[in-house]
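Here come two complexes built around chain A, the first alongside chain B, the second alongside chain C.
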Partner chain A sequence: MADVSHTDERIKQTSRLRQALIRPELGGIVGTVAVFVFFFLFAHDSGMFNAQGVMNWSVVSAQFMIIAVGACLLMIAGEFDLSVGSMIGFAGMMIAIFGVTYELPMWIAILITFAICIAFGALNGYIVVKTGLPSFIVTLATLFILRGFTIFIPQTLERKTIIGGIREAAEGDWLAAVFGAKIGKPIFQWLGDAGVISTFERGSRIGEPVVDGIPMLIIWALGLVIFGHWLLTRTRFGNWIFASGGDADAARNSGVPVTAVKIKMFMFTAFCATVFAVCQVMEFGSAGADRGLLKEFEAIIAVVIGGALLTGGYGSVIGAALGALIFGVVQQGLFFAGVESSLFRVFLGVILLAAVILNTYIRRIITGER
Partner chain B sequence: MSEPIIQMKNIEKHFGSVIALAGVSVDIFPGECHCLLGDNGAGKSTFIKTMSGVHKPTKGEIVFDGKPMNFARPRNAMAAGIATVHQHLAMIPLMSVSRNFFMGNEPIRKIGPIRLFDHEHANTVTMEAMKKMGINLRGPDQAVGTLSGGERQTVAISRAVHFGAKVLILDEPTSALGVRQTSNVLATIDKVRKEGVAVVFITHNVRHALAVGDRFTVLNRGTTLGTAKKGEITAEELQDMMAGGQELAVLEGSLGGTV
Partner chain C sequence: MTSKMSKLLASAALVAAPFLATTAVADGHGDDLTYILVSHAPDSDSWWNTVKNGIALAGEQLDVTVEYRNPPTGDLADMARIIEQAAASQPDGIITTLADFDVLSGPIREAVDQGIDVIIMNSGTPEQTREVGALMFVGQPEYDAGLAAGQRAKDDGVESFVCVNHVISNAVVAERCRGFADGLGIDLGESMIDAGQDPSEIKNRVTAYLNANPETDAILTLGPVSADPTILAVEEMGIAGDIYFGTFDLGDNIVAGIKDGTIQWGIDQQPFLQAYLPVVVLANYDRYGVLPGNNINSGPGFVTADGLEMVEKFAGEYR
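And then the complex of A and B:
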């Protein structure tokens, strides 16, 4: 008891459980384990856990992850972006317009699209911080504006709302490959030859493995998660993100450039949406005016499941990534388990509600509110 | 006594047709706790905002460290060493103590061109600073939300001092605190003063002012009623000056002298 003078009798020793409980990732970790146990018990023989099945839900989860990272950092900075879904549709359409209709080289089309979309993100952020209006309303307006353009532009130029031929236009393009290619093909071929993963037994691709590589989409998802987590927890800018969302006035008083932080986060969210869109059009080979519908809410749900507070100032990119994983595994898992797919929405509503209640409770523990 | 660190000479501030300050002069010396007293609407807030660069005086001169000063922004005042600790706008409850402590002044650890937040340094410094101020933390990652109001003020004050504040303006730091928390904050003020920092302590509580103050300036309706030294003035006199010698007289008996 030599250390007694340095301890405060009023500070209760907290249990490890309680300490673990206030980590934002907790809900995501528990949920992930629960979801995998559940589907392992009820769908292990459905092909969900063979190479093809794993690739199936990994791709879906990776899609959610890409937009969840942007939404997560933005939410921690204290703002929302409801225009993510429209941005995905709009970005895909821009690539089709520039790359197919105007026949620009695909890499130029992709770069122009990134520039336009990030500019829209900056505009969102600028309006929010300058007017002080809730980002909810400002980005709701952007949601409609972008969706309107996404339908209007191809209809005016091409008299249709789906533009195909992107895969052909992107053939051999270096930048398109960064979003649309698959990597590790020799390894998968070797795994196929070795019998670890099954191969096609007939048809034109006979002898090729059923999973022939890891799509760049997954690489982007993992890269963005690592980058986001690093930015948030290890850099000075990360501290500013927390501060801007926690209390913008207090942050400003301490010299944090809150305005710049928020605008940059809106731009980053737009960047993530555009990455999603480019990967999607490269995979499908076409752009449609209805792409990305409701994605903004799916991103927000993944972030909330991941432990972030809707009010800002608290959250975790790893948590958001786990939220996205839960999302993808359940969506595809219900299909594998042969459950009516409309029940997915019921599940989504229930898990969202549970996550928000848990998060509010955790917030009370952290801040000592009663 | 040494040279004043900051001199406010005949400061006037008008907002449109309202005269918030009508010629206030105050000298503040390093290592003293200068109490600025006044009732609501006396012009205390306007006065300290002028001092910290938020407002520009309509008339009058501010001399800081021997030079006339003209801060365009609060940030410039902060950089020069004038720090303001606001009662509510100081800390972010959801963030850890060490993240709060270094908010806006994050220590950087460079790995090549990459600049990282140096958590190790931040944690060590925070723990040391808190120990010095008598706050026992469970760890540097403890959230500020778990601290009491008084402890939060103390963290904010020691943060300002750590980052080189020469003049520390405390805007009603004790007005929402309980008895024990108040005494903690007052003890903090005493420690800071002994380090040679000039403390400007804004309050409307005479007893809090008398507990730590070296000199007292009373503001009333935009003018100063003079500055008194410790021991030259009683609580009753201060109180009368704050209230402008009105209303309180009736209640004096039942309030037992001080409010």
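And then the complex of A and C:
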């Protein structure tokens, strides 16, 4: 029973079954099952469910998850952050500038980048809270500002908009490994030797398994989901997040530090975007001015699929994680299913819309809300 | 909950219905060879339509299946995932651009090492192609093409220029501007402007630049996306035909511009060949084991007002 204690305590005397069902993530669970059944039926022989295929959509889903956790907590606290995508591009570029152009040790470059980006998050939150302007507008402005800097700074310093050489600069760095390494290599090698995973047939890596470890990106995604879920459901701060998003005035009157909660959530969103960016530049070894385009909407979509309300005060981190999984599986699954590329967005739109409608419908039935 | 579950299943089936139809069409060739072409272009870039037509024609003629994939927003990190995805689906070959070596070389080399034949098209260099272990490069060496264009412009008396770059994040395309500047024998300096992708924005930027720098001799645009609004800009400013105007790539408006004298020349890198030839090469390699011994240069070819007829007929479709 303890695991459902975060549900609305104002509804009293409900049956066990009903209590088990009144969860924001129910829609996400149903959607996840539906999506997997769907692709299992239509793309099972396309390589989507071999080791490489699974790794492919897992990594894409994990990427969505990282930014969805931040967006989810912020949305429950009643605010949006549209600057996530630009923040990803900006953070990656900062690492390249400090680590490659200025040749600082990579761990210092990463820490400076985190500091700058979290400061921008705090600034977003401060402006939103102090002016009372919609976060939609404030972070839209940040979206342009950060994207502009992401193009301007490398062009001024390096005369180009893609800065490479990060992998070389990060070689042997302890903090870079926390974001860019792969773990469990011996297990995957063993699986490869045992023939469970196919191995490279030629080249310098012959005999190695095609999937040689779990990227830290996935570990970060799972870690953030667990942290976010714990924060939201097991701590006093989590209650404050719900209260701030549900009715900020009522929350303030009952002593919740709404201002601090909201600013902290903006900072956490910026933190998540930076984690995404660091993992990305460590994997690919270069930062580009076009990275992270439209990722803010992908984060919001994942959160909404996961059952959170756009108006705040209701939602779940587990739901958002499932939303990210659905989004990732659908996006890559459509490629596996061989959908004509120009129809790709149509399918994506239809499936997302269906997921959200389904979700709302389920929520209305189980919560009795009109 | 059972009735709700059945409703859910019904909705799932509803979503599945059009899906089934599409898969059937995609597999309609009923052939054993499947190739995937991965581009770096965002959905909004119309130039790649020629590439789609090229692979469609090659697929039809050779009776093979060729699928086209691209990152919707043009984000190269997303493109890397698409290449990984393509490799996971075990096609007979992958044709891909190499727009950023750092990002794409890893996934491409992994595909090669899995035994998938890869051909690099459009973006990249012969050296990079060799390094990732691809069979060959089919495209236009960008710097050389820019250099040739710059030398040509210098012979025509050009001393300064503005480069209208609509894909500022693509380092390879920017080489065209650098080559052009070197061809003219001048420093690139502030001559390259980031025009963005939006037509009215591009037009305004070009107008603003030319007003601020009235001594500019020449305009270089890097594709129809930047050329079309630039044509409008020079027409509006009343300097069409007066200012030296060269462009990379072709399209309906560019061809019309060459015809009426607004544009001196267009450099055709012949995207049709970049898409068509790799399919031909891969299919014949898979079927008969024959392979051309070198990279294939699909361009540069200068298109001027002479001999426009064929170009005009197929502009935007196969040219």
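Please note the rule applied: the second predicted complex is superposed on the first by the 321 of 370 C-alpha atoms of A that agree within 3 Å, B and C clash if a C-alpha of one lies under 4 Å from a C-alpha of the other, contacts with A are read in each partner's own complex, and residues count from 1 in each chain.
Just so we're on the same page, a residue touches a chain if its C-beta (ideal position, glycine included) is under 8 Å from a C-beta of that chain, and two chains touch if they have at least 3 such contacts.
Quick caveat, the model's predicted, so the values are computed rather than measured.
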Discussion item. Which partner chains sit in contact with A:146 here, chain B, chain C, both or neither? Use first/second/both/neither.
Written reply: neither
Discussion item. By the touch definition at the top of the document, which applies to A:340: first (chain B), second (chain C), both, or neither?
Written reply: second
Discussion item. Taking the superposition on A as described, I'd like to know which of chain B and chain C A:69 touches: first, second, both or neither.
Written reply: neither
Worksheet item: For A:254, is the partner it touches chain B (first), chain C (second), both, or none of the two (neither)?
Response: first
Practice prompt. With the two complexes superposed on chain A, say which partner A:270 touches: chain B (first), chain C (second), both, or neither.
Written response: neither
Worksheet item: Counting only touches as set out at the top, which of chain B and chain C does A:52 meet: first, second, both, neither?
Response: second
Discussion item. In the overlaid three-chain picture, which partner chain does A:106 touch, first (chain B) or second (chain C), both, or neither?
Written reply: neither
Worksheet item: In the superposed arrangement, does A:236 touch chain B (first), chain C (second), both or neither?
Response: first
Worksheet item: Which touches a greater number of chain A residues, chain B or chain C?
Response: C
Discussion item. I'd like to check the shared interface: which positions of chain A are touched by both chain B and chain C across the two complexes?
Written reply: none
Discussion item. Which residues of chain A touch chain C once you look at their complex with the stated criterion?
Written reply: 30, 34, 37-38, 41-42, 46-48, 50, 52-53, 55-57, 59-60, 151, 155, 160-162, 164-167, 198, 200-206, 210, 280, 283-286, 288-294, 332, 335-345, 347, 350-351, 354, 358, 362, 365
Worksheet item: In their complex, what parts of chain A are in touch with chain B?
Response: 6-8, 11, 14, 22, 234-236, 238-240, 242-243, 246-247, 249-251, 253-256, 309, 313-314, 363, 366-369
Worksheet, complete the sentence: The residues of chain B that touch chain A in their complex are 74-75, 78, 84, 86, 89-95, 99, 102-106, 108, 115-117, 119, 131, 136, 138, 143, 145-146
Discussion item. Using the touch definition from the top, list the residues of chain C that touch chain A in their complex.
Written reply: 4, 8, 11-12, 15-16, 19-20, 22-23, 25-27, 43, 67-70, 72-77, 80-82, 84-90, 100-103, 106, 109-110, 112-115, 133, 168-169, 171, 174, 194
